[in-house]
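Listed next: structures, encoded as structure tokens.
Two complexes come next, and they have one chain in common, subunit A, joined by subunit B in the first and subunit C in the second.
The block that comes next holds the complex of A and B.
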């Protein structure tokens, strides 16, 4: 319980620090939001009125606190470019990107754990060698290039899906998921390769420890020792890795969305960056940062569940 | 030479060596002008006159890959340079002195470290505006946390060792101890993370130019070529495959070198 409260306090502090950094980063950039919204031909009086309305004349700390309060109420401000609430712009895009990330994550777990165990079990054998070499190469393939290869092979040659034929989940969720499988594979491939490698190394180094010999001497078979004793310990570094990989996968998803023509957060982030539509960029960054921090927190809790010996420092 | 029997190191060095040669050739000579368009050669296939075929403007893909990989590598050098330099300074000071500043820096660092570098790069780009030079700065900044973290932990490990104590007794100042005594002892660890840095920087640069940020047309870049090639995937797959294979080659070389250095 003490572990939980300590970690929770840490989570809140981190959230505050990060939100402040994001706020400051976008507050100090040259350029005036009022001018951005009204254009350079607006009169000084109208600009001043808008600044007052947006609360831009208040001190920095007051603006920060107001900004936080609005976010907690689900208000991310208004887009400079389209003059509509940011929330309504990204609200239905966020689930698309998150679905892509979630499917990729599930794929990684499903692929890497059995493969990693198989590799370690038959270490030094032909299967192990093939997987180790393939692993090293797959790690070097950027997700967008594997996305292009998947489009070529599964889309254009085998006709398993129509490239660019995205169906939104409101229309037909089954076709939506069917289409999302392919980009998810592209996002999952390099991370799965890393996870396989990590798990293989972890199992092999665990097997050398004393408790494994003890487990054998008590009459356990290879399978029992591997699954009941070794795997549990070997999973710890893999959990760390998966927690950190999740953030990378959101970034990967944003790029792979472009390959498969999926209207998720990626496209809106890119157009907002080229339009200098800061409130939208800021909102997306806050969402992703929030996700990263919360996932790290959950990983910390998961550690404790897998390995009760873990304490604070 | 202890690296001789290290298979990862040898393979990585060979791959990177060939890559460097490739880039060097591209810097001084390309078979065609990489930006010259030829209407008669639009999407031409692989032949002796065009080793990798031609793109939709009839530009020679081999020449463009030669030039583009140079751009990617140069961006990576700049990125890793900024990241290492600033990372070493931040890591050295926070690790050596510790205290409240260290605590605050590490809190921020932890989050930045967990934040994907390409997104961090995109944020900086949105503040600075796009362009090749800004990509180097943006990714460079995004790479600082990972280097700072490694250097910091090395400095914490070393700062109370005997040789540091004796240097202190001999009257060496803090700066001298940090950069003349401790830093050289972190080189092995630093070198392998520099290689991982190259690996990540190449991937990040390619990702950014794929998204259309960074190198602007008509200049060649591997990521941009891949994004342009997507329209012609079925009719001329070579347009996408060749730049992609060169990209994988580059990343694979650096990642194997990093592995090798870690083992050796």
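The block that comes next holds the complex of A and C.
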């Protein structure tokens, strides 16, 4: 219980620091939101009036504190560009990105654990060689390129989905999932390749340890030793990796969303940056930071569940 | 019950096949304890693994027969073998920490053999038996141990857990591969007593593999001595110890440091050499802060050294005996000035005390050649040309009994004994007056141990060294030292000349250590 309060305090501090850095960053970047909103033709008086209205003339710290106060009340401000609440802009994009990440993560786990175990079990065999070589190739391909390949193969050649034909989940959640599976594959492939390699190595080095010999001496067969004894130990480094990969995927969805034309957080982040729509950008970055921190916290808990030697104090 | 006939084990992972066990024969009766003795590389562990059916390497050729109650372990089906393993044949190993699965609770691991061999047994019955077994191996609070994980137990407790897990199905043969080597002497003694009791009460036959002859002597009535894969001698234990027939056995027995009252270099010989005192240590206290359990709790201090005072005289070997965790290594660090906190004073009369560590491989940089390692102290001090440095390194190699060609080898190309010689050489390069040897021979085979001790003693004479000899081994300390300090729990509980401490021990702890080391009256009388 004490661990939770401690961790929660740490989480809040981290979020404050991140939000402050984000705020400062956008305050010092050259460029004026008022000009961006009204265009370069606008008169100085109108610009000044707008700045006053947006509160841009107040000192930096005051603006920051105001912003934080509003966030605590659930208000992320209004978009400069679309003049609508940021909350309602992000609100229906966030689930899209989260779904993408969740499907990708599930794919990574479903692909990498069985393949990693199979590789290690038949190490040196044909299957192992094939997977290891395929692994190397997939690892070298960046997600945006595999995204293009997937669009080509599954979309244009096999017609399993319509490229660019995104269906929102409010319309038809089944088609939504059917569409999302392909970008998820693009995200999951390189990470799964890394996880397979990691798990294979971990299992092989675990099997050399003394406790494995003890397990055999009690009359266990190869399978029982592998699944009951080795796998749990070998998963420890893989969990570390999966935690990092998950955080990376939340933050790195931008490119794949672009390739597959998905209206998620990544897309809106990109357009908001080019529009200097700072309230939106700030809100999204704080959101992503929050998700990453929560994911790390969950990984810590999972760690503890798998490895009793780790104390969370 | 067990018949091993003409066992040959051969590795095929190199171009030339390497035979590790030649024509091994062994017959064991039910309920018998047989000791299998040999130094590292003698093939004793390979033989043990073969008997347990645990040699499944594909690059190994196995010939001969291992008959356990008529079943040939080498050729029977896997399922048949698995039926024997853990049920009729059980095994315990040297390192109880690594031999237990770190992520599974102790109770689960103790029950595992039941789960495999008595699948019809229900959960409650399994747990009841496991708890009973844990109590049976003299673990207090079996319920707590049952729920613990291996890292939460001490070394001795872990080995007891290993024994409990091995004995749970009531095997007829227990193979014990160096089960006490990684443990402290007093714990060693307890484990040996436990094995004897199990043998007596449950009539379990024990094949006891060890490099420690004095231990084998306590436990076994019959002994098989192995050297480089062959049986050198076998027969009645007392017979072999009192009248060894083979040269190798004689050498092994001679290498056990004896405790006889005929030391030729009494302390008085060196004590009168002038004012003498080389090092004065007084009132050393050190505590380390423990982890906080609550956020605002004051850090609690665990006292490691509780006021330690002693002195070392010129040309003397001072033995320091204690079990793991008693603070002896911390004391060595304090003397070297590596541990700055804490109270007390250390007064050196000599510059540069040097240290030799237990693990000769771990303490040598694996990516450097021996010559470079030996020259390093000179290079750091400066004031030597490369030519001179090289010459002095070669001279030192000769001094520690190694050839000049060793200078161009890497540590991994040397044997354990050679490595320890290099470590000693590196420590002596700056010609210190005081050498601290922290368990310097503990990781070595007895005959090698003997040679290194001999080397240290002759270097001591030659260079006028004083040595602080830290060890857990009562016998080795007896052989080396003029005076002895017995340390327990951060305090020196007894000190005096070797004769006083060994033949008229005052403190109960000293007596316990002597008993555990099996230093017998006939040796001391």
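FYI, the second predicted complex is superposed on the first by the 259 of 313 C-alpha atoms of A that agree within 3 Å, B and C clash if a C-alpha of one lies under 4 Å from a C-alpha of the other, contacts with A are read in each partner's own complex, and residues count from 1 in each chain.
One rule holds in what follows: a contact is a pair of C-beta atoms (placed from the backbone, for glycine too) under 8 Å apart; a residue touches a chain by one contact, two chains touch by 3 or more.
The shown structure was predicted, so the numbers you read here are calculated from the model rather than taken from an experiment.
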| item | value |
| --- | --- |
| Subunit A as common anchor, with subunit B and subunit C clashing or fitting | fit |
| Subunit B versus subunit C as contact partner of A:306, first or second or both or neither | second |
| Vertex subunit A; arms to subunit B and subunit C (CA centroids, nearest 10 degrees) | 80 |
| Touching partner for A:281 - first (subunit B), second (subunit C), both, neither | first |
| In the superposition, subunit B vs subunit C on subunit A residues touched | B |
| Which of subunit B and subunit C A:84 touches, first, second, both or neither | neither |
| Subunit B versus subunit C as contact partner of A:162, first or second or both or neither | neither |
| Which superposed partner A:145 touches (first subunit B, second subunit C, both, neither) | first |
| Touched partner set for A:60, first subunit B, second subunit C, both or neither | neither |
| First (subunit B), second (subunit C), both or neither touched by A:13 | first |
| Where subunit B and subunit C come nearest after superposition, their Cα distance in Å | 6 |
| Contacting residues of subunit A [partner subunit C, same complex] | 2, 6, 209-211, 213-221, 224, 229, 232-233, 236, 306-309, 313 |
| Subunit C - residues contacting subunit A, complex | 52, 54, 56, 78, 82-87, 90-91, 93, 95, 98-105, 112-113, 116-117, 149, 151, 162, 165-166, 291-295 |
| Residues on subunit A engaged by subunit B in the complex (per definition of touch) | 13-14, 17-18, 21, 25-26, 29, 136-137, 139-142, 144-145, 148-149, 151-152, 156, 244, 247-248, 250-252, 254-255, 258-259, 269-270, 272-274, 276, 278, 281, 285, 288-289, 292-293, 296 |
| Subunit B to subunit A touching residues, read off their complex | 107-108, 110-111, 114-116, 118-119, 122-123, 125-127, 130, 199, 203, 206-207, 210-213, 223, 226-227, 229-230, 233-234, 237, 240, 244, 247-248, 251-252, 255-256 |
